[in-house]
Amino acid sequence: MNARDEVLRRVRAATTDVTDADPAQDSPIDWIYGRALPTDDVLADFIEKVIDYGATVTRCTADDVARAVADALARLGAASVVLPPGLPESWAEAIGSGVGVLRDDPPLGNADLDVVDAVVTTAAVAMADSGTIALDHTEGQGRRVLSLLPDRHVCVVRADQVVSDVPEGLAVLGPAMRRGRPVTWLSGGSATSDIELTRVEGVHGPRHLAVILAE
Amino acid sequence: MTARRTPEPGSWLGIPPFPKAAPGALDKAEQRRNLRHATTSIREKRAERADEVADWEQLRTAAAQIKDRTLRHLEGYLLEAEGAMTAAGVTVHWARDGAEANRIVTDIAHAKGIDELVKIKSMVTQEIELNEHLEANGIAAWETDLAELIVQLGNDLPSHILVPAIHRNRAEVRDIFEVQMGRYGAPAPAAMTDDPAELSAAARSHLREKFLRARMAVSGANFLVAETGTLVVVESEGNGRMCLTLPETVVSIVGIEKLVPTVEDLEIFLKLLPRSSTGERMNPYTSFWNGPTSGDGPQDLHVILLDNGRTNALADPVGRPALRCVRCSACLNICPVYERVGGHAYGSPYPGPIGAILGPQLRGMDDPKDAALPFASTLCGACNDVCPVRIPITDILVHLRREAVDHKKAGRPSAERVAMKAAEWAMAEGPNLERAQGATQAAGRVLRDRWIGPLPLPVASRWLGARDTAPPAARTFRRWWRDHHDEDDR
Amino acid sequence: MPVPAHLPPEPDVRPDATRRDAVDAPAGVAGPAVALFATCIADTMRPSIPIATVTLLERLGCRVSFPERQTCCGQIMTNTGYWDEALPAVRNHVETFAGYDYIVAPSGSCVGSVRDQHAMLARHAGDQSLATAAAAVASRTYELTEFIVDVLGIVDVGAHFPHRVTYHPSCHSARVARVGDRPLQLLRRVRGLDLVPLPEADQCCGFGGTFSLKNPAVSVAMASDKARHVRATDAEFVVSVDHACLMNIGGVLHRQRAGVRTIHLAEVLAATGPETP
């Protein structure tokens, strides 16, 4: 018997006490999926939680995003930035002349990305209660490696993308995941607590996360 | 014989059964200080983060129910996951045991001419000792999680599910990095202090070249969604994203209990897991994928579905809930026994309360080390209350104790069995107990108020080594009652 | 075949008593008839605990009986893995207490075993009728403070105990019987009593039944920490609702000549005069 058949046979033999073949009937789940949290001010909650991770949040109007991105890059001291395809051209135009702008089109090599200071992306959805931003790596969000190798990540989130909590966020992401999109969740920058459980921000991923919240 | 390419790890084989290993662990004052500091602070953080979720108890119930549904209908969900992954372009393998899984990984590497790979922290690869198998086959496996790196470079063994180097403090880590990093790659910076930020920065630069060079990565998975074939890896440092993004080939070894039915089920587990494990509202990074994405990330994806004893646990309806475990380690952090002895005394990569129930179920109890594990607990029950998937850990411990005893009963009678037989008789009815109390009362009359101190008797010394004991009563309660109450009150 | 440890998880099997508002101790009011489960350890090692329980319950107006067939909840055998050997004790317990409406024990651990283990042991032995009877007895079994606070509706039992004490919430009372803060509610109303919080109170004392013999070094390490915390309170007495834990903590304190004594909560609540028990 091959391994597949053998493992499946063992599983079958181990569950002969289960007589109802319908999982839903046999094992009901007392949970209502996709519910929102009754948060008074979802945006304020999101901002508070993101800041708690040591990231920064800048609020701006939708018209002012290009300038906010340029300011964030300047504040982070980025001398070079990579832009994924799909970002508004006005953002690139607003970036100061002292900052080298690279386009990931055609795709850059890992060695090139490793020496770029910063990346700018948009997001798919943001979840306030845990201060989490999700990327589904479609237009404007870039390949996974873009938001990984550069040391500073400027992430633009629209206010209408911010939901109260994880259940609503997963409901938004479900269709993309069912289409086979890879998804990455970011909650603050990379961090570790592996030495004496002392939190250190910034290990392998971007060490700085700057969120721009466009209203 | 060729030289090793990776540091030689410590060996579980040299560790005696828990009752013999624990006293040695207790004697390590530095380790006890490190563990106490770490477990105390992490369990306070967990409590704070759990308390701020209004429906925490309902989440725990739902998580237990989802896992039970999955386990009770596992064959269907496995087939569904296999179908979804295959359709998404993942090569699905099956492994009956660790040796088979290790062979599959080696074969994939050999077929591609790969002689080194990077690893995401994974309990299952510790369980099957993948690294040593790869080393023996000429493949260097580099741990990239900071704590796993500390353990690997320190020729050590992991002692905690989440923080494998929890037994080490910053000064020890500094010493390990200073001596070892240069032997296996980029050396530690000169004049590195023991500041955790500097140590983390040293790990960043030591590992960066390995990430950029690697052509293959090995991961575990926190969840596998049956419906979509989506794999989920929860992490903090970004080493996981490096491994899952940069190499061309990723092999994920997934225990068959890791399934959940739907994408939506993740909303429950992704709220429970980070708060229970690191005491954070959310871990810094979570990666979801279910197949190669053109132009983005690895293009050759493999998943190995592993049994390795899980169907033994599945077959026992009392022990089955142990397979709900999401490896958060909340039970370790709250356990007073774990806090004092640390993980190594448990003799396997799964220490603490969950290890004491999972290990004997996965491996059986033929080995005295495994048979001792269900007894490595005071049954204080603190673990039950923090488990995010409501595993009735102490109930399973008591259940496994019975199995261990039944196993032992096949052998020659022990002093313990004689004592338990005597207790069985004494407690079978009141008059029997009263007869046994004849002896305790006689002792009580002789001793009067004198406490019993150290006695060099085999079993008594285990109690009296550091504890006195008051004498038994010269007159029992039931005698008192008879003297003070009428017949009709009895 | 054992019944699967399937859901619902953690059913609350606490007796469904209608809670009355707390009142002061009634004088001579006819209260309910109570069957005392003395527990084998207190019966044999420290009879002053069940004696105090009787004194207290009678003072609160209860009519107390002591069914003499009783022995033990069987927990020591059960938790050591000797389920077959525990069964006669379980059967005896269920038969002894089958006819009583209120079964009260001065022990969170023994009550926890009655509630959590008796029916399970019966099912494991394939004795469904014993399992049913055991569940019925369990549903009428109360740890002493549950009975006083929930059934009698009393928090001030009229006790007087002019001493500095600290309270150790035993693991099984807190996490198996789930008595909550009832012991503290009662202690706070004791006249003259100075209640000092115990540091790291929720940590196990390290007793764990045969754990204390199988893993003595770990057990002593835990007990020593507990004793250290007790001593830090400068209390004269450490109080608990479980005598087994007190034997462990008291054993270390006595060896250390710490001068702190152990006392069961029932003994504190039974005290009415300035004299120490």
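Lettered A, B and C in written order, each chain numbered from 1.
As a working rule, a contact is a pair of C-beta atoms (placed from the backbone, for glycine too) under 8 Å apart; a residue touches a chain by one contact, two chains touch by 3 or more.
Everything quoted here is computed from the prediction, not taken from an experiment.
Ranking all chains by how far their C-alpha centres lie from the centre of subunit A, first place goes to C.
Of all chains displayed, B has the C-alpha centre closest to the centre of the whole protein C-alpha set. Distance between chain centres (mean CA atoms), subunit B to subunit C: 32 Å. Remark: subunit A and subunit B have CA centroids separated by 29 Å (rounded to whole angstrom). Chain centres here are Cα means. That of subunit A falls 52 Å from that of subunit C. Shared contact sites, meaning residues of subunit B that touch two or more other chains, fall at 61, 65, 68, 317.
Residue positions 17, 27 of subunit A are each in touch with at least two other chains.
Residues of subunit C in contact with two or more other chains: 1, 4, 7. Subunit A makes touch with subunit B in their complex at residues 2-4, 6-8, 10-15, 17-18, 21, 23-24, 26-31, 33-34, 49, 52-53, 107, 110-111, 114, 127, 129-132, 137, 143-145, 148, 165-167, 169-171, 173-174, 177-178, 180-198, 200, 202-206. Put simply, subunit B touches subunit A in their complex at residues 34, 37-38, 41-42, 58, 61-62, 65-66, 68-69, 71-76, 78-79, 88, 93-96, 100, 144-147, 150, 163, 165-166, 168-170, 173, 196-197, 199-200, 203-204, 207-208, 211-212, 225, 228, 230, 236-239, 241-242, 244-246, 256, 261, 263-264, 266-268, 270-271, 274, 278, 280-291, 293, 295-297, 305, 307, 311-312, 314-315, 317.
If you check the complex, the residues on subunit B that touch subunit C are 18-19, 22-23, 26, 60-61, 64-65, 68, 317-318, 320-321, 336-337, 340-341, 374-382, 384-385, 390, 392, 395-396, 398-399, 401-406, 416-417, 420-421, 423-424, 426-430, 432-433, 437, 440, 451, 453, 459, 462-463, 465-470, 472-473, 475-478, 480-482, 485, 489-490.
Touching subunit B in their complex are the following residues of subunit C: 1-10, 38, 40, 42-47, 49-51, 54, 64-72, 74, 76-86, 88-89, 92, 96, 116-117, 120, 171-172, 175-176, 202-204, 206-224, 247-248, 250-252, 254-255.
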